[in-house]
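What follows is one structure encoded as structure tokens, with my remarks underneath.
Labels A, B, C and D are assigned to the chains in the order they are written; within every chain, residues are numbered from 1.
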Amino acid sequence: MNPIVEREKGLLEVARRIDDLRAANANQPVDMSAEIAALEQKYEELQRELFGSLTPYEKIHMARHPERPTALDYISQVESFDELHGDRHFRDDPAVVGGFATLGGRAVMLIGQQRGRDTKENIKRNFGMVTPEGYRKVKRLAHTASRLGLPIVTFIDTKGADPGISSEEHAQSEAIAMCLYEFVQARVPIVATVIGEGGSGGALALGIADHVIMLEHSVYSVASAEGCAAILWSDASKAEEAATRLKLTAADLQRFGIIDEIVPEPLGGAHREPSTVVTRVLESVRRAVQKLSAMTPEALLEERYRKYRRIGAWGTERRETIGTIP
Amino acid sequence: MNPIVEREKGLLEVARRIDDLRAANANQPVDMSAEIAALEQKYEELQRELFGSLTPYEKIHMARHPERPTALDYISQVESFDELHGDRHFRDDPAVVGGFATLGGRAVMLIGQQRGRDTKENIKRNFGMVTPEGYRKVKRLAHTASRLGLPIVTFIDTKGADPGISSEEHAQSEAIAMCLYEFVQARVPIVATVIGEGGSGGALALGIADHVIMLEHSVYSVASAEGCAAILWSDASKAEEAATRLKLTAADLQRFGIIDEIVPEPLGGAHREPSTVVTRVLESVRRAVQKLSAMTPEALLEERYRKYRRIGAWGTERRETIGTIP
Amino acid sequence: MPMPEWLRIRRGKNAEQRDAALWSKCPKCGEVLYRRDLATNLFVCTKCAHHFRMSAYDRISMLIDGDFTEIGSDVATGDPLGWVDKKTYPVKIAADREKAGINEGVVCGIGAIDGCDVALGVMDFHFRGGTMGTVVGERITMLLEEARKRGIPCVLFTASGGARMEEGMFALMQMAKTTAAVARFMQDGNFFVTVLTDPTTGGVSASFAFESDVIIAEPKAMIGFAGRRVIEQTIRQKLPDQFQTAEFLLEKGHIDMVVERHELKATLTRLLRYAADGKRARA
Amino acid sequence: MPMPEWLRIRRGKNAEQRDAALWSKCPKCGEVLYRRDLATNLFVCTKCAHHFRMSAYDRISMLIDGDFTEIGSDVATGDPLGWVDKKTYPVKIAADREKAGINEGVVCGIGAIDGCDVALGVMDFHFRGGTMGTVVGERITMLLEEARKRGIPCVLFTASGGARMEEGMFALMQMAKTTAAVARFMQDGNFFVTVLTDPTTGGVSASFAFESDVIIAEPKAMIGFAGRRVIEQTIRQKLPDQFQTAEFLLEKGHIDMVVERHELKATLTRLLRYAADGKRARA
């Protein structure tokens, strides 16, 4: 049960009453404009009250909202897209969609994690949880992009890598590690956007980038709040507290220097005005790609190395002294 | 039923009689030296008669002889060997044995196709027919060798790539193609030796090399004589004729410039004096590695390219004209 | 399908006779189709959408804008083993030349697809079952070398029963030769596309067919390393119909896309444009 | 096992107390073992050959010839999220320092194994379950950078429950940071070996553990991406005992070899010599 979906029910009820009144008003002699205006104001207030400021835990559920735009909602709005399939060995993983695309007049390699937009698609897409075959597709496409000079654009949206038996049997660890290994070496600009939930290593496999964007209410975390609570508090009901502690919101991560840009969402979340959000995100991606394209491959690689090299130098005075013992 | 094995039976019978006579001679007053000498001469004559000159079809069966030294018989005689396993994805294929080794005081990467030395091992090793996972192990080890500057030494001994359902499902074509792709680019000397049967693309996957050696009675062919007969004559009993037509012997292939060196076998085949043959092969490999090691990686790659580039320029006057039509 | 001027000259007498035949029967649904309608429909059955095997020159004229500069057309078949089975090899070659209207198993050249320069090679199953001998290997190598020199993409259409046995190990070595050419071509950052048509097996499947950036297959094309019969003999059971089809391989992750022939030119054009854009960005 | 002079200084009070305890019980077979015998036997049960988890300094002294020049030992734990669960993060860190006798989850440095120069990093499960936070990531990165500068091989022993949650996304990003360092190190043709000890999971498993030239595992070590409990909860059934063990992974082709601890030093030495020979040949 998603608390954001629950909360929307009250709002939808008000919206329905407004619609009813409007319909009645058109057919009846009695003027109900005042009542309508009052309800509209109430709707606005309710919306601000419910969604004006979301807690981290609420953002997790916003990120998981069943109507939230998925990777394919973005991909469908680029100028052209030609999907490429498969790991060339074993399987085509539907939880990853990738291929050549035209964005802002430029050819790029698009790669996105795709959860389902309904139950049937969720089963097909394994709820966006990628298997080793999917990560090997990602690695392959990133490698091709690097060879051909095409910028890599990723959309991150996963609870985490698939935790099933066959994924372990097919070396999930190696598959993710090899994605990371490919991304740190890709000789082209990489722009990653967290559009929903960015869960742990399974998300980072598409996340090493020169420019990282997050949607305002998306989350990006080292572990799920539920898993973290179960382990550190030995109490899954502490998930809300864990969500706060984990600092998994876009604002936190921008402050930390882990992400570079936040794309704002409309009041109530991206799914309330999906086309606006999709356009905004694609525009931010386009701008980032354009800016990064001015750099040579060597400069890109050096800057990318330095960026990740710096993370974790906080707090400690990092002296690179090497002491012989004794 | 292997005709070479059948033929050996008569020879073994004579050998047994010689042994019996010798034993009797030692215990009895009657001198049978003359009889023994006569039998010994007969043995020699028989051996020359049976094995002095082998037809191509007989060589195929010599190459398949159950007691013929296998890759591990060579590998066990190098100064050190550390086996590396697996394709890092899915399975370790026992039909390929590979790893670091010391040969003539130098570190190399050894990779061999391994058929079984008895029924049980044949089942484990799939009769030396390699699956896609095996070829991916080959590719991985060749890549590592190239990175680390270790010469690649291969032993070829296979009827052909595994033709099973799961091999097709796991992209056998791609697996073999990627071996070829890795071998043409490896920045280290490659020395390949056909020690038994070299069957089609499944053998060539380990066969692109700067120096190719064949044992005298090994064979190397575009297709099995049986398969070729079935297709071109529509008659499997024409295998013997196909064997002759296919020009699959070491002498033919050296004449064609497709292989570089032939290591002689003792009368009766490699399995009659296995340690001599193993020593000879390893010495030839060592010498080739040493000679090739004097070349720079760039020179090696250029020479390797030219070598394969030339094959097929025979017969035709290869004019590189490009004519516009009309 | 309009036929460029040069095509008539290249196709030979038999092809014209084939064209003159009024109708062809669809091997899939049995429908009898007017040859002219079939050609207009890119040799796709108007009833069941079965993709007929195409001759190399028909394929080229379906894709190339105008002129096509052929490469290696004068590299002729040799007979290095002096092969004889039921017939001699030269006799077989001569018969196939007559029958298929081409002089070897692949036609290679330089042209443009919807304005994009491309090195195009098309194998033809009608010539010795699309088997790869030294001429096929040599022409494809020459094509890749020319593409590399010009820095243009290469598109290869495969159709092959495997290596050509009549040329023995010379044929097998073409897998090595073409792979070496592919590797040099790709190392320079050039774009390589293969289009797998029915059937693509053996030594062609296990070399350049699966070495490209993008692997396209035509619907229902049979693609695999080992032949269906060999596998069935080995496992002693019948294989499902779906096995080794393009659609099966797509699901198994071996190929990038299955593209209907009517969409093929447009798809190739888009792919070539993506690569051209990447090349511009790197320049 | 002789203890080098420097080791006593580094191991801290608690370790000495542990050593002073007369016996340990084998978690596998229940045998009660004299602590001294156990140490002499490289912490392998003398009865059932169970490989005990080892502390980082014990491991180092088992491998390194003489001096060991530590790298990054003064890179200290921070608390970027101001973390609190049942305790604060700094309190937990302080407790583990006391308990484990080391100041963070990995010890890195330069030394020699049987005469072969090597950059050695050893993770220690006793410190926060071997989780990777910023200090672990930073030290391993420093080690790889130093190894690259010197052109010597790097050997990393892994033991990890995954990323350290108390450091949030800073911990996750260490997967990226260490991978970037591994890539630069390997691009230069340097030799990288990982030794996976019990347990190796999560963010460590899915980064440098599986990026090396040679992946060794200790017998029966538990290795995987997802934890056993997570998988059991997902599939709602119990997993076989064998699942995710080193032996299982060897069969599945994920790792190169399973090496008993008594053979480990000799094996590593041979591997380092192969690589050194390759390096000489390239020089």
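Here, a contact is a pair of C-beta atoms (placed from the backbone, for glycine too) under 8 Å apart; a residue touches a chain by one contact, two chains touch by 3 or more.
This one's a predicted model, so the numbers in the text were calculated from it and none came from an experiment.
Common neighbours of chain B and chain D under the contact definition above: A. Here A-D and A-C are compared, and the pair linked by more C-beta contacts is A-D. Among the remaining chains, the Cα-based centre furthest from that of chain B is the centre of A.
Computed from the mean C-alpha positions, the centre of chain A lies at a distance of 33 Å from the centre of chain D.
Averaging C-alpha coordinates per chain places the centre of chain A 42 Å away from that of chain C.
Chain centres here are Cα means. That of chain C falls 53 Å from that of chain D.
Under the contact definition stated at the top, the residues of chain C that touch 2 or more other chains are 210, 252-254.
Among the residues of chain A, those touching two or more other chains are numbered 88-90, 169-171, 174. Judged by the touch criterion defined above, the protein chains form a pattern that is neither an open path, a ring nor a star, and not fully connected either.
Two chains count as a pair here when they touch; such pairs are A-B, A-C, A-D, B-C, B-D.
On chain D, the positions that touch chain B within their shared complex are 186, 189, 191, 210, 213-214, 250-257, 267, 270-271, 273-279, 281-282. Those residues of chain C that touch chain B in the shared complex are 5-6, 9-10, 67-81, 83-86, 110, 133-135, 137-138, 141-142, 146, 162-177, 179-184, 187, 202-203, 205-211, 223-226, 230-231, 234-235, 239, 243-244, 252-254. The residues of chain A lying in touch with chain B in their complex are 88-90, 132, 136, 169-171, 174-175. Those residues of chain B that touch chain D in the complex are listed here as 80, 82-93, 100, 102, 106-107, 133, 137, 144-145, 147-151, 293. Of all residues in chain B, only 161, 163-165, 167-174, 176-178, 180-181, 184-185, 200-201, 204-205, 207-208, 220-223, 227-228, 231-233, 238, 242, 245-248, 253, 256, 258, 304-305, 308-309, 311-316, 318-326 touch chain C in the complex they form.
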